[in-house]
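Common to both upcoming complexes is chain A, partnered first by chain B, then by chain C.
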Partner chain A sequence: MQTFLTALFTGTSHGAIYALVALGLVLVWRGAGLINFAQMGQAMFSAYIASTIINHHINYWWAFIVAIIAGGALGGAIDVLVIRPLKKKSGSSILSSPSMRDAIPVIASLGILGILQSAAGMIWAGEERGFPAPVSTLGLSIGKRAMPFTRFDIFVIVLIWLILIATTLLLNKTSVGLAMRASALNMEVARLSGIRTRSIRTLGWILSGSLASVAGLMVAPATNVSPNSLDLLMIIGFTACVIGGLNSLWGSVTGAFILGLTISFINIYDAPGDVFLGIFAILIAVMIFRPSGLFAKGKARNV
Partner chain B sequence: MLKIENLTVNFDANSALDNVSFSAEVGKITTVIGANGAGKSTLLRTISGLKAPKSGSITWRDSELVGMRPEAIVRAGVALVPEGHAVIPELTIDENIRMGALFRLRKAKSDVTTAIAEMYELFPQLADRRKAPSSTLSGGERQMLAIARALVSRPEILLLDEPSLGLAPLIVKQIIGIIEELCRKSGLTVLLVEQNANTALDVADHGVLLALGKVVADRPAKDLRADVSLREAYLGY
Partner chain C sequence: MFKIRRNASIAIAFFVFVFAIGTFVGPYNQGQIAVALTLFIGVLSINILTGLSGQLSLGQGALMAVGGYGCALMMINAHLSMWLAIPLSLIASALVGLLLGLVAAKLSGPYLAGTTLVLALAMPTVANKFDSILGGDTGLSIDTGMPPTWLSKVMGDIAIEQWNLYVSLPFAALALFFAANLFTSQSSRRWRAVRDHESAAALVGINVERTKISVFVISSAFAGVAGALYGLRGLVGPSVFAISLSLSLLTGSILGGLRSIAGAGLGSVIIVFLPDWIGKVIHPFSLSDQVTNYLPAFVSGLLLVLTVVVNPSGLAALFAKIFRFSRVKR
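Moving on to the complex of A and B:
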């Protein structure tokens, strides 16, 4: 029983982190129509910044806030400096064919990932750094009873649920959220309604970058910080989106929790070596039986 | 006055509009009629900034619209109801209407509330189902919603692209009636594009006949309505 509960709590807490990554990917996908492969590069970069601040004996929470701002700023900068100019270029005929026009920003995001990783390698000498958690990551006991979770598990689950709820409220209950949804669903009608879709898209990038940074800080105590430390998180977050359907925000979040639990149970009951096999099996099953995601309704993206 | 001068619009090598010039007077209904493919939609989409012209100028109250972004053109008081009931079906009726007023929230919040209430008075069919997804609406109701979405921006000039397309005659009458009333009572300037020439010429003050991207007639609506030979030549009825 204790083992089962441990697997459950660990899976939920990891699933919550994957959910943030997935949410960040969905926000950019719905707003800009591309998978941002640089996302966890941005998060890695801001984790290094946070780690530098913490190494100067400044409070964890300052580092936390700076990392969120840095992640958002990086996201916004990528949109304004790279993605926007790419959209304008439509000169040569091969590059302006519709499939290339969709592919180029994705390739650019891979390029940005490479640049961020090399830059981190140069600035911080590629050193692998430990990273603290804001609360204890050791097993928690109440009285004499050992609990199947740590303080940090609870912290992660609560923090991330608050973020998920806040994001949902932002999207569904505020004017900015309405503008974001309208721009994602039908850019032309949104523009004809006076919505500045370009700025709204940038806002999506900023939000996505901030969410990814939080995710990065939450796994950093386990993975440490290095230029490639978040690559796995990116792969799992992307898989969660594919499982849940990139168009469905809560679908992707659910996909993330499914993955978190699967990985955790395989880790504890089977062997860590089988984790990828498990993820792969789920992915293949979804691709065969529900190619647009478990929770997608109707057809693909409405552009 | 909306003034269109020497407007030429190309799709690749083909010109959809060829040196088009005419103007629409403030407070009047001007209609642009023409057969399918004449360039009517292209004209409205170019005015709204969705399509860049090859050359020519479009001025509204003496400011140049060519080169402005669509969202800026709406903010300058020029609103388009595009062809084909352009609403966002995934959003609720209320969200579709509010969407049109988002940009005014900061400067004119109380007027936005008033404007939205006015829309529900104007189109009572929409008022009962505010929270329903607009995908549940009929074609006519969607068209009303699209018009309401454009009107909450408090435009000075409303561009309508075939609002009667595919709708039952009774609904067409209601929609055209509302547009006429808005023009006569509130001084809204209207540029109405229609394939159904008679419906349009009956309410319009002025008519422009487009054929294959060129203006072939630019006259008072009454004259155009009476010119049977011209209509037969270009519209086939």
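Moving on to the complex of A and C:
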């Protein structure tokens, strides 16, 4: 029973972190129509910045805030420096077919990931750094009973649920959110009705970068910080989006929790080595029966 | 018929040209050329899949791994000759490509990229699951063996790197020949139609799903041969076919030019020789280790982003444009 509860709580707490990554990916996907593979590279970069700040004996929370700002700034910079010029090139022959218009920005984001990781390697020597958690990561006991979760697990779950709710409110209840949804739905119409779609898209990149940074800081105590330490998180978050369906925000969050629980149960009841096989099995099963994700709305036939 | 003859003569010219270069350079560069020839086949497989049919795969390295393992198993367990095992290994990867293609035909853009990426990541797990056959994390060691005596008699002493080069070269030339035919074939027009407008292609009677599957199979066959040759440098294992291999193949394909065969050649030369060139350039500056270690990755990332933003058609298209421009001026 205790093992089961441990698996359940670890899975939920990890699932929450994956959900944050997935949310960031979906925000960019809906705004710009691409999977940003550099996302966790941005988070890794800002985690290094945060760790440098903490090493100077400055309060964790200052570092936390700086990391979020840095992540957002990197996201905005990528949009302005790479994605915007890329969208302008749509006249060139290779970008004239829709499949290549989708593929080329993804490849650009892979290049950005390479740049960020090697830049981090050059600046911080690629050393693996430990990273503190804001609250204790040791087992928690209430009264005399040891609980199957830690203080940090609870902190992560509460913080991330707050963020998820705040993001949903932002998208659904504010005028900025309305503008974001409108430009995601139809860029042309949104622009015609007076929405500054380019700025709105950059805002999506900034938001996504900040969310990714939070996710990075939340796994850093477990994985430490190194240029490649967040690759796994990126891949799992991305898989969560694919499973849940990229066009559905809560679909990808659900996908993230499904993956979190699956990974945690495989880790505890089976062997850690089988995690990728498990992920691949779920992914293939979903892709065969629901090719655009579990929660996608029925796809219209083109022909 | 005329095209086939032209393509054959290009392939033969390529063979002679690289063979000649191979005899002039030292062992280190011979080894590098052998790797470039191998990756040329791998990049071709991406140019066929992504360039011709518009499907983006991030796991081409995994298909190379299938070819590599296939070749190793045939050589170790069935004691097949290398010259038989390499061509046969494409059957293994084409079969896996068929399975993948059946799933991939239903998927669009990011979903396909995700599935192939996770496939590449799951590959080491498979190697560990079937530890006794596939050798787990250590992998299986195979190599090209000793050069035959008649060749040594003709050419004098042959270093192992030079022999690797001679083994890769015929396959690279054959791949060049087949790819050149593919690029001008009638089926490639079908693939391009699917790439450029799926609905319109379906309306003129092209079976979109079957087309996508067949491209996947053909591209996997190329990847399989590349994988077998890549493994024959000494080892077939999870570390050889890491995810970074898939990404550097993609980098090569974009840098050279996604839609041309010459582009695949240029791209594979760049990804193999870039670290050497950078090393030469920064040698006089005596930079610290932490910079020199990460500089090649940094530069190739930078080149990738610059290419995509400035000239997404790649170097080959750029050269073609310059050449055409000068001809018009004259």
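General observations
As a convention for this text, the second predicted complex is superposed on the first by the 292 of 303 C-alpha atoms of A that agree within 3 Å, B and C clash if a C-alpha of one lies under 4 Å from a C-alpha of the other, contacts with A are read in each partner's own complex, and residues count from 1 in each chain.
Keep in mind that, in the parts below, a residue touches a chain if its C-beta (ideal position, glycine included) is under 8 Å from a C-beta of that chain, and two chains touch if they have at least 3 such contacts.
Quantities reported herein were computed from a predicted structural model and do not represent experimental measurements.
Look at A:V156: by the touch rule set out above, it reaches neither chain B nor chain C. In the superposed model, more residues of chain A are touched by C than by the other of chain B and chain C.
In the superposition on chain A, contact of A:V225 is made with neither chain B nor chain C.
Of the two partner chains, chain C is the only one touched by A:L283; chain B is not. In the superposition on chain A, contact is made by A:I195 with chain B only, not with chain C. When both complexes are overlaid on chain A, the residue A:L27 reaches neither chain B nor chain C.
By the document's definition of touching, of the two partners only chain C reaches A:P85; chain B does not. Within the superposed three-chain model, A:G114 lies in touch with chain C and out of touch with chain B [touch as defined at top].
Applying the stated contact rule after C-alpha superposition, one finds that A:P291 touches chain C and leaves chain B untouched.
Of the two partner chains placed by superposition, only chain B is touched by A:A179; chain C is not.
Shared interface residues of chain A, touching chain B in one complex and chain C in the other, are 302. Looking at the complex, you find that chain A touches chain C at residues 29, 34-35, 82, 85-86, 89, 92-100, 102-108, 110-115, 117-119, 121-122, 125-126, 235, 238-239, 241-242, 246, 273-277, 279-280, 283-284, 287-288, 291-293, 302-303. Interface residues of chain C facing chain A in the complex, by the touch rule stated above, are 50, 54-56, 58, 103, 106-111, 113-115, 117-119, 121-122, 124-126, 128-129, 195-199, 202-203, 247, 250-251, 254, 258-259, 290-291, 293-295, 297-298, 300-305, 308-309, 312-313, 317. Interface residues of chain A, counted against chain B in their complex, comprise 175, 178-179, 181-182, 185-186, 188-197, 302.
Every residue of chain B that touches chain A in the complex is listed here, in rising order: 48, 50, 69-71, 74-75, 79-80, 82, 86-88, 90-91, 95, 98-100, 102-105, 149-150, 153.
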